[in-house]
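Each chain carries a letter (A, B, C, D and E) given by its place in the written order, and its residues are counted from 1.
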Amino acid sequence: APARQSPVVLAAASLQESMNAAADAWARKGHPRPRVSFAASSALARQIASGAPADVFVSADEPWMDDIQNKGLVRKGTRVSFLRNDLVLVAPRNSNVRLRIGRNMPLVQALGNGRLAIADPAGVPAGIYGKQALTRLGVWPSVQGRLAPGDSVRGALALVSRGAAPLGIVYATDARADPGVRVVGIFPAASHDPVSYPVTTLAASRNPEGEAFRRYLLSSEGKAIFRRFGFGTK
Amino acid sequence: MSFDIALSLRRGERSLEYAFTAGSGLTALFGPSGAGKTSLLDAIAGLLRPDKGRITVGGTTLFDSAAHIDVKPQKRHCGYVFQDLRLFPHISVRRNLAFGRKAYGGLDWDHTLDLLGIGGLLERMPATLSGGEAQRVAIGRALLSTPDFLLMDEPLASVDAARRDEILRLVERIRDEMRLPILYVSHDRAEVERLAQTIVPV
Amino acid sequence: MSFDIALSLRRGERSLEYAFTAGSGLTALFGPSGAGKTSLLDAIAGLLRPDKGRITVGGTTLFDSAAHIDVKPQKRHCGYVFQDLRLFPHISVRRNLAFGRKAYGGLDWDHTLDLLGIGGLLERMPATLSGGEAQRVAIGRALLSTPDFLLMDEPLASVDAARRDEILRLVERIRDEMRLPILYVSHDRAEVERLAQTIVPV
Amino acid sequence: MQPLSPAEWEVLVLSLKVGGVAIVATLPVAFGLAWMLARWRFPGKVLIDAVVHLPLVLPPVVTGWLLLLAFSPNAPFGAFLERTLGLTFLFRWTGAALAAGVMALPLMVRAMRLSLEGVDRRLESAARTLGAGPWRTFIRVTLPLSANGVLAALVLGFARSVGEFGATITFASNIPGETQTLPLAIYSALQIPGSDSQVVRLAGLSVLLSVAALVLSEWLIRRSGQQRGRHVI
Amino acid sequence: MQPLSPAEWEVLVLSLKVGGVAIVATLPVAFGLAWMLARWRFPGKVLIDAVVHLPLVLPPVVTGWLLLLAFSPNAPFGAFLERTLGLTFLFRWTGAALAAGVMALPLMVRAMRLSLEGVDRRLESAARTLGAGPWRTFIRVTLPLSANGVLAALVLGFARSVGEFGATITFASNIPGETQTLPLAIYSALQIPGSDSQVVRLAGLSVLLSVAALVLSEWLIRRSGQQRGRHVI
C-alpha cells in the first residue's frame, strides 16, 4: 500500500497546545502526524474559500464555519461543534482586585484609571462574546470607552499578565495556562452565546486520514485531551 | 575631408550654429569660453542631438537630420578626451585604460603608457590621482580605444610643460602616421599653431 | 613674510616634504604633474593634516605640530580656487558666489563679476556652465569670500587668452593693492614669470 | 463611491496624525543614525546597525511586545518617562505614533544613509574653506545634497506608518478614536465574514493617502532634479 | 544557550530558503522597476510607483488576502500558472517566498532607485563613446556605480523577508516544515501563554540571521568604499 500521507489541519490559533497534543497522540497510534496550521479563524476560512488543499478545519467560532458552509466547502454531515470554553475575567497575578460578576457590577470602579483588555469586540470571537456578556450585564455603556482591544485573546491576555491592564476578558483555557494572571470570576454561561468550536472535514479533502483524524478528535479519547487543557466538550 | 559639419543646436536659451569643412590632419577649434566648443564635440560624439544639420567625419556620415541618419554613440568610434575627464571612479586606472580597448590594431599599450607617464599608476583608483595624472589617463583611455577619429577638449590644460611636449609629439604622430582626423580644442595659441592644419574659429 | 612653510605629509605610499619661505607678493608653485602642489595647498587650507611641520601665512601660524596648533579650515580664511573647482551643484551661480561672502570689506561684487565675465550666469545652475565659465565662477567664489590669503590651483587652465589677461590684471591688483599673500600653481611659464615675486619649485 | 462616514473620517484623520507625527519625530533620530552609520567608523557599529534593523527583522507583534516591556508604566523606563515628562504611550495615540515610528526607523535610516554615502565630501571641504563650520556645512551643503534620501525616507516612513498593524495593536491597542488607525480598522473588518466591501473601502483610503504622499514626493524629486540639470545622451 | 532542536533547525533552514529565494527572485524585478522610476518619464509613472508601494501601505494581512485572490487555484491567474507552469503557491514554501518577495519589493525598489538617481550620467556617456552599447554600459558602469543601493536592497529585502508575518500566514498559511518561517513559529509560540522563553529564543534566531546579513553587507560596502578612496578633511 502507498504510504499514508499527513492530512492538513487548519485550526484556530487558540487551540495551539491542545491540538498539537491531539496530533501527537494520534501519531503515537501509528498514523502520520497531521500538519496543523494555526492562524486566526478568519484567515483560515479565507484560505479554504480560495481553494486551499486542506482536509480538516477547526474554527474558533460558528460564523466563519457558516461562511464556508454556505460556499459549499464543508463535507456534508461532518460539521460538529465539539468544544466549549468559558469566558472569564482575569487580573494580574499579584493584583488584589475583587469583583463579583453580575448585573451592574462596578467594573469601571474596579478598573480605576486603567483599561479593560479584550479581544477586538468588532470582530474577534472572544471580543464579540465579551461584548455580549458586558451588554447583558448592563455594564457595556459604562465600560465601552474604557476598553483596550487587542488583535486576539492572546493579545488581551498579554496586556493583563504584563500589568498593562488591570483586568481583561479571556477564555478560561487561556487564563489557566498563563501563570501571570488569576481568574477574578467566570461570566455566567447565559450572559453570552455559547463559546463553541466547530470541526469539519472539507469538501475538497482527498486524504482519508483527514476524516479519520476528525473522528479521532470527536472520540472520547480525543475529547479527553482537550479537557486536559481546560476545554469543555460536548 | 576629415570634418564636414553644418548643424545647429540649442543650449539653454542660446542657439548655436556651426558650419565648416576641414581637410586632413588636425583641426583646431578656437574660441572664447562659452562659445560652444564642447557642445560641438558632444554633438559629433553623438551625446547631444542637433536640432538639424549634418555631421560627416572622415567620409562617414554620422548624423543627417534630412536623411534621418543618427549613428549611435557607441558606433561612431570616436576617441573623446572630455574636458571634465570622466574617468570611471569605480575601477582602477588599468581598467579605465582597457575599457574601450579592442583586440586589434591601434597604439602600442606599453609605449603609450610610457609616453603619457602613467605606467606607474595602473593599480591606482582615479580618485587618488593628481589633476595632471588624471588628465593623462583620460588621454590614454581615448587613444587606446583604437578610434577612427579623435575629439580632444583641452587635453593638456593641467599637464606640465615637459610632458606636454611629449604628448604633443604623440598627437602629431597619430595625425601623420595613422592619419586620424583630430578635432582639438585649446586656448593655447602656440599649441594650436604648432599642431593645426586648419583653425576653425567658433 | 607671506608664506613660511616646513612640513611633511604622506600621500599613498609617497612621502612629500616642503620647506620654503616667500616674501610679500605672489608665490608661484612650479613643478611637474604629481609633484605634490595640490597636496600642499590642501594642507595650507587645513583639508589635509601634515604628519608634522609648520604653516605660517602672513604672520599667522595655522599649523604647528610641535605647538599643537591646528586652526580649523573655516578659521583660516583662505580663498581657495580648487583644481577641480568644487562648485556647489545644488545652488545657483549667484548663491555659489555668495556662499562665503562677508558683509564687510573685500572686492566689489559688480566689478568682480564684470571682470570675470560671469554677470550673465547668476541664475544658472553649475551643471549648465561650460568649462571656462565654471572656472571663472570658482575664482569669483574664492575672491568674494574676503579671504586673508589666496590659494589658486591652475585657476586659468580653461580660460581663453583674452579673459585670462583681464583676470591676471585682477590678480595683480589684489596682490598689490590689497596686499594679500597668494600661492599660485600654474604650468604656464609666461604666466608665472609675469605674476610671481617668488617661484618655488616642487 | 459613497462619502466617508464620520467613523471613517475619524480613522482617516487619526491615521494622518499618527503617521505624520511618527515620521516627523523619527526623522531627526533616523538622520542621526544614518549619519553615524555612513560617516563614522567605530567598533560595534554593526551592533547599532543591527538594533536599527530589529523592527524590520522581528515580526511586528514581537516589536509591539518589546515596546510594551519598555514603555508600559510598569516598566522602569516607562515609569521614568511618565514621572519626568508626563509622557504616556500605552493606549494613547502617542503610542500608535511611537510604534509606527519604530517600525519606520530602519527604512528611513537606510534611505538617508544611502544618500549620505553618495555626497561628494570634496564639496564639504570647499564649504569649510569658505568659512562654514561643520554645522553650517551640514545645513547648506550636506543636507541639500542628500535631500533625495530624506524625501525617500519620508515617503517610505509615511507609507510604513500608514500600513503598520502588528506592533500598534500589540502596544497601543485598537481603541476607536484613539489608536485605531486604518490598518487596525481593516483588521477588525477582516474578522467579520462577508465584510469584504468594508475592507476594500478602508484599504482604498490607505492607498489614497499614500498616493498623495507619493505624488508630492515625485514632484519634489523632479523639481530638484531639474535644477541640477545638464543630462547628456 | 541550548543547541537548536530539530524543529528549530527546520524553521531556520526554511526561513533562509524562503528569504533567499524571495530576494533573489525579486531583485531583477525590483531593479527593473527602480530603473523605470529613476530614468523614465511617462504619464502614469506615479501609478506604477503607487502599486510598488502598495505592500508597504496596506496592512500585511490585506496584502496576503490580495495574493490569495490573485494566486489561488480558484483565481483565473492562479489557475493559469498552475496549468501552464505547474506553479502552485498556496500552502507551499513558494507561496511564503512570494509573499516575502512582494513585501520586500517596495524597499528594494526604493533603495536601488535612490542609487540609480545618484549615478553620474556623464560616465555613462563616456562609456558609450568608448564603444559600449546600452547593455554593456549598464553592466560595467551603471550597475557597479549603484552597487551600494543593490546591496542595501538585498539587506533590507532579506531582513523584511525574515520578519514577514501577516501576508505569509494569510496567503501561505502556517504549516510546519512547509510555510512556517521564523515569524510564524514565533506567532505560534506567542499563542501559548507562558512560552516567552521560546519566543525569545526564536526571535534571537531571527536577529542572528539578519546580523549575519548585515555584517556581510557592511563588509562589502566598506570594501567598495575603500576603493573609491581619497577623502578630504
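By definition in this document, a contact is a pair of C-beta atoms (placed from the backbone, for glycine too) under 8 Å apart; a residue touches a chain by one contact, two chains touch by 3 or more.
Quick caveat, the model's predicted, so the values are computed rather than measured.
Contacts with chain B and chain D are shared by C, E. The set of chains in contact with chain A as well as chain D comprises E. Summarising the inter-chain layout, the chain whose CA centre lies farthest from the centre of chain C is A. Between chain D and chain E the CA-based rotation angle works out to 180°, given as a multiple of 5.
By C-beta contact pairs, the most connected chain pair is D-E.
The centroid of the Cα atoms in chain A and the matching centroid in chain E are 34 Å apart. Centre-to-centre spacing of chain A and chain C amounts to 78 Å, using the average Cα coordinate of each chain.
Centre to centre, using the average C-alpha position, chain C and chain E are separated by 49 Å.
Of all residues in chain B, those that touch two or more other chains are 47, 73, 84, 128.
Shared contact sites, meaning residues of chain E that touch two or more other chains, fall at 61, 65, 122, 125, 128, 187, 190, 232-233. Multi-chain contact residues of chain A (touching two or more other chains) are listed as 158.
Residues of chain C touching chain D in their complex: 45-47, 72-74, 76-80, 82, 84, 86, 88-91, 99-100, 102, 125, 127-128, 141, 145. The touching residues of chain D, counted against chain E in their complex, run 45-46, 49-50, 53-54, 56-62, 65, 106-107, 110-111, 113-115, 117-118, 121-122, 124-125, 128, 148-149, 152, 155-156, 159-160, 162-166, 182-183, 186-187, 190, 199, 203, 206-207, 209-211, 214-215, 218, 221, 225, 231-233.
Those residues of chain B whose C-beta lies close enough to touch chain C in the complex are 11-12, 31-34, 37-38, 83-84, 117, 124, 128, 130-133, 135-136, 153-154, 157-164, 187, 189.
Those residues of chain D whose C-beta lies close enough to touch chain A in the complex are 61, 65, 68-69, 72-74, 90-91, 166, 169-170, 173-175, 187-195. Residues of chain E that touch chain B in their complex: 122-123, 125-133, 137, 140-141, 144-145, 147, 224, 227-230.
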